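Labels A, B, C, D, E and F are assigned to the chains in the order they are written; within every chain, residues are numbered from 1.
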Amino acid sequence: MNTANGETRQSKAIFPNTWNANETLFGGEALKWMDEVAYITATRYTRQKMFTVKIEEIQFKKPAYKVSFVEVIGKVVEVSAVKLKVLVEMFVEDMYSDESGIKAVEGIFVFAALGENRRPQRVRIKE
Amino acid sequence: MNTANGETRQSKAIFPNTWNANETLFGGEALKWMDEVAYITATRYTRQKMFTVKIEEIQFKKPAYKVSFVEVIGKVVEVSAVKLKVLVEMFVEDMYSDESGIKAVEGIFVFAALGENRRPQRVRIKE
Amino acid sequence: MNTANGETRQSKAIFPNTWNANETLFGGEALKWMDEVAYITATRYTRQKMFTVKIEEIQFKKPAYKVSFVEVIGKVVEVSAVKLKVLVEMFVEDMYSDESGIKAVEGIFVFAALGENRRPQRVRIKE
Amino acid sequence: MNTANGETRQSKAIFPNTWNANETLFGGEALKWMDEVAYITATRYTRQKMFTVKIEEIQFKKPAYKVSFVEVIGKVVEVSAVKLKVLVEMFVEDMYSDESGIKAVEGIFVFAALGENRRPQRVRIKE
Amino acid sequence: MNTANGETRQSKAIFPNTWNANETLFGGEALKWMDEVAYITATRYTRQKMFTVKIEEIQFKKPAYKVSFVEVIGKVVEVSAVKLKVLVEMFVEDMYSDESGIKAVEGIFVFAALGENRRPQRVRIKE
Amino acid sequence: MNTANGETRQSKAIFPNTWNANETLFGGEALKWMDEVAYITATRYTRQKMFTVKIEEIQFKKPAYKVSFVEVIGKVVEVSAVKLKVLVEMFVEDMYSDESGIKAVEGIFVFAALGENRRPQRVRIKE
């Protein structure tokens, strides 16, 4: 498992337990997956206790209809001593067509690091 | 059930199935609850098919530790023909203390209305 | 967050992950929500460790069809040194109509208080 | 699979996703399992569309601590043309001891039958 | 609750939260139920900490369509000092017909016992 | 989203809602994730309705302790007109260490293709 490219991926099938009342992917479910991917991406980068302090604007560009897969992809896009930003994108692809996935949702998740006694700590910056 | 005040509420207990690795409320779970509350708030206002187009900045101000309840509250804060904005706040209160809840997370969820054939539609504005 | 009125509310959307085989809200899911609301209501009143000892008769008056929201509301209706009773009602409202919600389920949940070493304790009665 | 004895069983392990804040089985989770077992028991008996109309008093006699299994058992105890009653009992047993399970929860679930157009129907009584 | 016959049973209704994209029971959900039943069966036999070391071939013989119940049944089929084998079978029955259940999935789950410090331990063999 | 390399990935954090009674990842949860990844991998390859017919031996080599991430990876390893085999591996990595992930579980999932009327169909083999 090579995580050196700084990407974390989570592929999901849009099964009925993920649907809203319109039988498309419930946005809250997508947000839950995106937050998990953001958290793993941030932690893999710093190997510190990370917690979300802010989510910058999230855009929902396209619904994920029921006969589709989605792939949630996180990558670190900015790091400083006090915060780390992860771009999370969710792509949707039709189950039965070879067309490329289309971006459905994207957002920036901002993390800080936590040390002993739940105190903020400098973010470890990789050389 | 009086929904005339434009508020939708969802109280939750922070049970272990909602925890992250630090045994506090997982942020993705909070986002899922907030999106459900935002969606109900928006739909109760317009009684149209509503879908999320954007979430403006979400701020995580305070973690929800394990011996606590949270209450997620949504209210419509802005309406125009093309979009409706819902402010969603999550308050956290200690289970065994009478102190008031403290704001833990807040964000603005932006919705548009969908008509027949999944086409955008004017948002119904209440007089 | 004002909990002084003694009411705890939980609004929910009837998404497919809550349905039974008839594609209406599964009764067991409703009971789970009602028990969570009862537990929060009881604990907010006493701020003691509360546990359910009994549920008095629960009546299912109306199913919750799939294009609807429900709101579960708990309030303390009786308190003595040995037990506290919470009335829990679930109202169902059509997603796309402004008609008031209709009572779908109701029941009385009876709690006792637990002290150190899991021993029963007097229920704290508010003046 | 012999269902002739009129019993439906559901064994469960008390994993953390079933716990309340005291790290014992959350009562709402137990109620959800009991309702599912009641529904299967009732339907297996009549092979009609059954729905819950009432739950008679449910008694919680003993908590299910975290290192335990539970077994939920349903049996039909009364049938008439208009309703069918299922007794549901939940037994708890320590994971690492051979002692018999102890009754932790019990209740009576009352069902009616539903015909075409969601109209009530006579309950099919077995000879 | 008599577990002397060495069988552990878990009956389930095929509700929408268990479906895949074809609206039949998702195989992964079936595997989760089978593993829980296998684990309970193995632990009830030895009353030791058991963990899965291997699953021998699992065969999916028949899908579980949406208007059906399934019953997952585990029994110990082989025991030695180093391992214990549990046969797990899942039967599917139509909700509204009295025909016997048909075997849908079966597999052998192999367990070992764990002592203090997470060290392997001899499996306790019943006389 | 490039799926040309034939790999499907699903990264997960080992949160308490995934734990068994020993507070390590519940094997049934791992199997559910592996089956979802296998299904996506198979469908992305053929773009046909795929269903699992068999799982060849699954080996559990290492538990996933609570402070860890796992990554489930699926790749097509064999294709013929009648079946398609997907190797699924689950790697576990410590949250706070840069050491490479270690293989924890692996298995081969075997799929067949389904045409109209739920009839078996030739598997589409890529040139």
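Please note the rule applied: a residue touches a chain if its C-beta (ideal position, glycine included) is under 8 Å from a C-beta of that chain, and two chains touch if they have at least 3 such contacts.
Composition by chain, UniProt nomenclature: A, B, C, D, E, F = Acyl-CoA thioesterase.
Bear in mind the structure is a predicted one, so any value in this text is a computation, not a measurement.
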Each chain counted as touching chain B (Acyl-CoA thioesterase) and chain C (Acyl-CoA thioesterase) at once: A, D
Neighbouring chains shared between chain B (Acyl-CoA thioesterase) and chain F (Acyl-CoA thioesterase), ordered by label: A, D
Shortest contact path, chain B (Acyl-CoA thioesterase) to chain E (Acyl-CoA thioesterase), counted in steps: 2
Interface residue identity across copies chain D (Acyl-CoA thioesterase), chain F (Acyl-CoA thioesterase) - same or different by half: different
Chain pair repeating B-C, as identified from D-F, A-F or B-F when over half of the contact pairs by residue number coincide: A-F
Maximum centroid distance from chain D (Acyl-CoA thioesterase), chain identifier (CA atoms): A
Centre-of-Cα separation between chain E (Acyl-CoA thioesterase) and chain C (Acyl-CoA thioesterase), whole angstrom: 34
Mean-CA-position distance for chain B (Acyl-CoA thioesterase) and chain A (Acyl-CoA thioesterase) (Å): 20
Residues of chain F (Acyl-CoA thioesterase) whose C-beta touches two or more other chains: 13, 16-17, 20, 26, 36, 39, 49, 95
Overall pattern in which the protein chains touch one another (line/ring/star/complete/other): other
Every chain pair meeting the contact rule: A-B, A-C, A-E, A-F, B-C, B-D, B-F, C-D, C-E, D-E, D-F, E-F
Chain A (Acyl-CoA thioesterase) residues touching chain C (Acyl-CoA thioesterase) - in the complex, by the definition given at the top: 16-21, 23, 26
Chain A (Acyl-CoA thioesterase) contact footprint on chain F (Acyl-CoA thioesterase) (complex, rising order): 1, 3, 8-13, 36-37, 39-40, 43-44, 47-49, 69, 71, 73, 91, 93, 95-98, 100-101
Complex interface listing, chain C (Acyl-CoA thioesterase) residues touching chain D (Acyl-CoA thioesterase): 20, 22, 26-29, 31-36, 39, 49, 51-60, 63, 107
Residue ranges of chain F (Acyl-CoA thioesterase) touching chain B (Acyl-CoA thioesterase) (in the complex, touch as defined): 13-17, 66-67, 95
